[in-house]
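The following block contains the structure, expressed as structure tokens.
A, B and C are the chain letters, set down in written order, and residue numbers restart from 1 in every chain.
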């Protein structure tokens, strides 16, 4: 445990040099999305959804989506670079760190980044009056759950590839469809059957539904528990997959 | 007959830094010409100017009788360039690297294919023709880069440190291929900081230091001018080798004291060693060897690290 | 096919011929993984069309155009997605890939040792970006026709417009690429591109914005592109579209000139 803290420390020290360039996308992109879709497109949406205006309805979706996007960004290029280009992991593996420490420390840093982005988003969303319930506080642990459910399996994927072409493929064929069809922009009930089941299977929709219940103060009862458990399943399976892939790459 | 490369007072500055500080060079057809010097001496900057990808700050430069600024494409059409760092196309196979590159010279597809096969044979890479560039060893990459530089059958081949970082087998193979090119009458211009490479390949060379030319001539004549025929290396079993310097006075033309040994520059090494023993100075080890370009090089450019 | 035809159009003696050789290299470099990435580029606008155009469109219904005509939201968004995909395709190839080839692969250092000049590399890469972008545009226009979002004839007319949009953004992207200092600058470019994507009359008419903002929007290159393609695909083209074309042509000319000059400075130090 303490050893993964050293790894986390390394990533945090590194982040001190690079945070400026990511600050822009962390703060500005959510604001733009909210203005563009929430206010812009929302202005043309006539009906309420789940008893909320389109802006209020879309904000929690965007929060969950931001958590997933940040986790994805951190679980792809930085991980590939640590294996292929900068070879940071190999340097770490030469120190008395176990594979689990290296992976755990990096995942912890990714979750730190997820929290930063989500807090930034909440700060931007609050003045628009889009947060309706005290349950909004639950969004913080929730975003870590969503972030890890996405990051852990994606880290496993990244640890299995050698070229960044495969990252482009991941983003085009998996990430973009997931972001567009997981109930962030419109209710998935309007999706045709097979696509709806795909949305059920991927982690993001569960995160969106939970986050939406939190910011709008909707009681979703047992469904919420199932969502959380399903996300947890992605986290655990992803962790073991990732550790297996890391083991294969670092110990041979 | 005009020189293939003709430079007078050639200068290259980057901001306040002067990389090349007024050099005069003439390279004749069929010659193998070398630029020697420590890192930062201005060799690569000079090569880039000759390769017409770096405009001179001042001075005269004519390549193949043409002006690099005005006739860049026409000159480069007859040049082969092997840069210091391999910049092979990692998205192409070994053979495609040659055929695609040939197309940049306007060579027809059929000719490009034929020449690629000949060159792969020449650099002994035929078996790897379909391989990607990535898994090749350093030596193979270098040979491929050299083959690529020959794809347009150039009149003049520029090689920037052709064997740096290669293992001995790979170096000897590269040397042997370059020697064959030389025999075929191709003009070679190369930079190196390996003395054995310069002695092996160059008919004539210049030693550069701090952007200037500090010596010029054939390897043999440079050794004669700037060094004695032989060198005696003595190691004394003491911390302070310098203590022996005075006692060695008169034995050699020049005595150089290094932290770990003392060098005697002499015409006859065995005779000098006998004199040392007559003065009953008993070194822990003694070595007599012929003077080489390395002695000239270190004498002219100093022993201190420059980078 | 392409490699056979293109070189014959222009002799090697001219700059055009040498530029085409650079394009040819990219065709040769097409390998399996890259193909899939390219195919993915086609998917992107289609996914947006279905998500925002159809999915969100169901919540919106019809939308009124400035001229008083009403069209479905899907019809309204589809041409904008085409313009945006022409933009992002061209920018991906000319910023990210271009920078990678220049700084990371040092590909152009090798090319410059041949008779090819920096400006010709710029043109060659641009042609390549356009070949790729045009394939996307054809596919997307076909989808629009099948979904009855435009007529075949209008789709035919929209194709050259999409190519022009790609060319203009390609030239712009290449200029940007010569100004990039490190990979981290791509965050900035991405943010700028996303802002353009959201606010260029893509998802809502520019008339929906407050006056000052609206003028700003109307100056943006993507707005001019959306305006051009939407005008054609909805059959409302007029003088405004002529302005769009002139605007994009000027952008193309300026971009290419600046990019060629800057490349010369960067590569031939």
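Convention: a contact is a pair of C-beta atoms (placed from the backbone, for glycine too) under 8 Å apart; a residue touches a chain by one contact, two chains touch by 3 or more.
A quick map from chain label to UniProt name: A, C = Transport permease protein; B = ABC transporter.
Since we're looking at a predicted model, the values are computed, not measured.
Participant: Looking at mean CA positions, which chain is nearest the middle of everything shown?
Facilitator: Smallest centre-to-centre distance to the global C-alpha mean: chain C.
Participant: Compute the centre of every chain as the mean of its C-alpha atoms, then state which one is farthest from the centre of subunit C (Transport permease protein).
Facilitator: Computed centres place B farthest from subunit C (Transport permease protein).
Participant: Could you grab the centroid distance between subunit A (Transport permease protein) and subunit C (Transport permease protein)? Build each centroid from C-alpha atoms only and quote it in angstrom.
Facilitator: Taking the mean C-alpha position of each chain, the two centres sit 29 Å apart.
Participant: When the centre of a chain is set as the mean of its C-alpha atoms, what distance in Å lies between subunit B (ABC transporter) and subunit C (Transport permease protein)?
Facilitator: Their C-alpha centroids are separated by 47 Å.
Participant: What's the distance between the Cα centroids of subunit A (Transport permease protein) and subunit B (ABC transporter), rounded to whole Å?
Facilitator: For subunit A (Transport permease protein) versus subunit B (ABC transporter), the centre distance works out to 54 Å.
Participant: Would you please write down the residue numbers of subunit C (Transport permease protein) that are in contact with two or more other chains?
Facilitator: Subunit C (Transport permease protein), residues with two or more chain partners: 34.
Participant: Flag every residue of subunit B (ABC transporter) that touches subunit C (Transport permease protein) in the complex, lowest number first.
Facilitator: Result: residues 14, 48, 51, 53-55, 72-74, 76-77, 79, 81, 83, 85, 87-92, 96, 99-101, 103-106, 148-149, 152 of subunit B (ABC transporter) touch subunit C (Transport permease protein).
Participant: If we count contacts the way the header does, which residues on subunit C (Transport permease protein) are in touch with subunit A (Transport permease protein) in the complex?
Facilitator: 33-34, 36-37, 40-41, 43-44, 47-48, 50-52, 55-56, 58-61, 63, 73, 184-185, 187-188, 190-191, 194-195, 198-199, 203-204, 208
Participant: Using the touch rule from the top, collect the residues of subunit A (Transport permease protein) that touch subunit C (Transport permease protein) in their complex.
Facilitator: Residue positions touching the partner: 18, 21-22, 24-25, 28-29, 32-33, 35-37, 40-41, 43-47, 49, 54, 163, 165-166, 168-169, 171-173, 176-177, 180-181, 185-186, 190-191.
Participant: Can you list the residues on subunit C (Transport permease protein) that touch subunit B (ABC transporter) in the complex?
Facilitator: Touch list, subunit C (Transport permease protein) to subunit B (ABC transporter): 12, 17-18, 21-22, 24-25, 28-29, 31, 34, 105-107, 109-117, 267-269.
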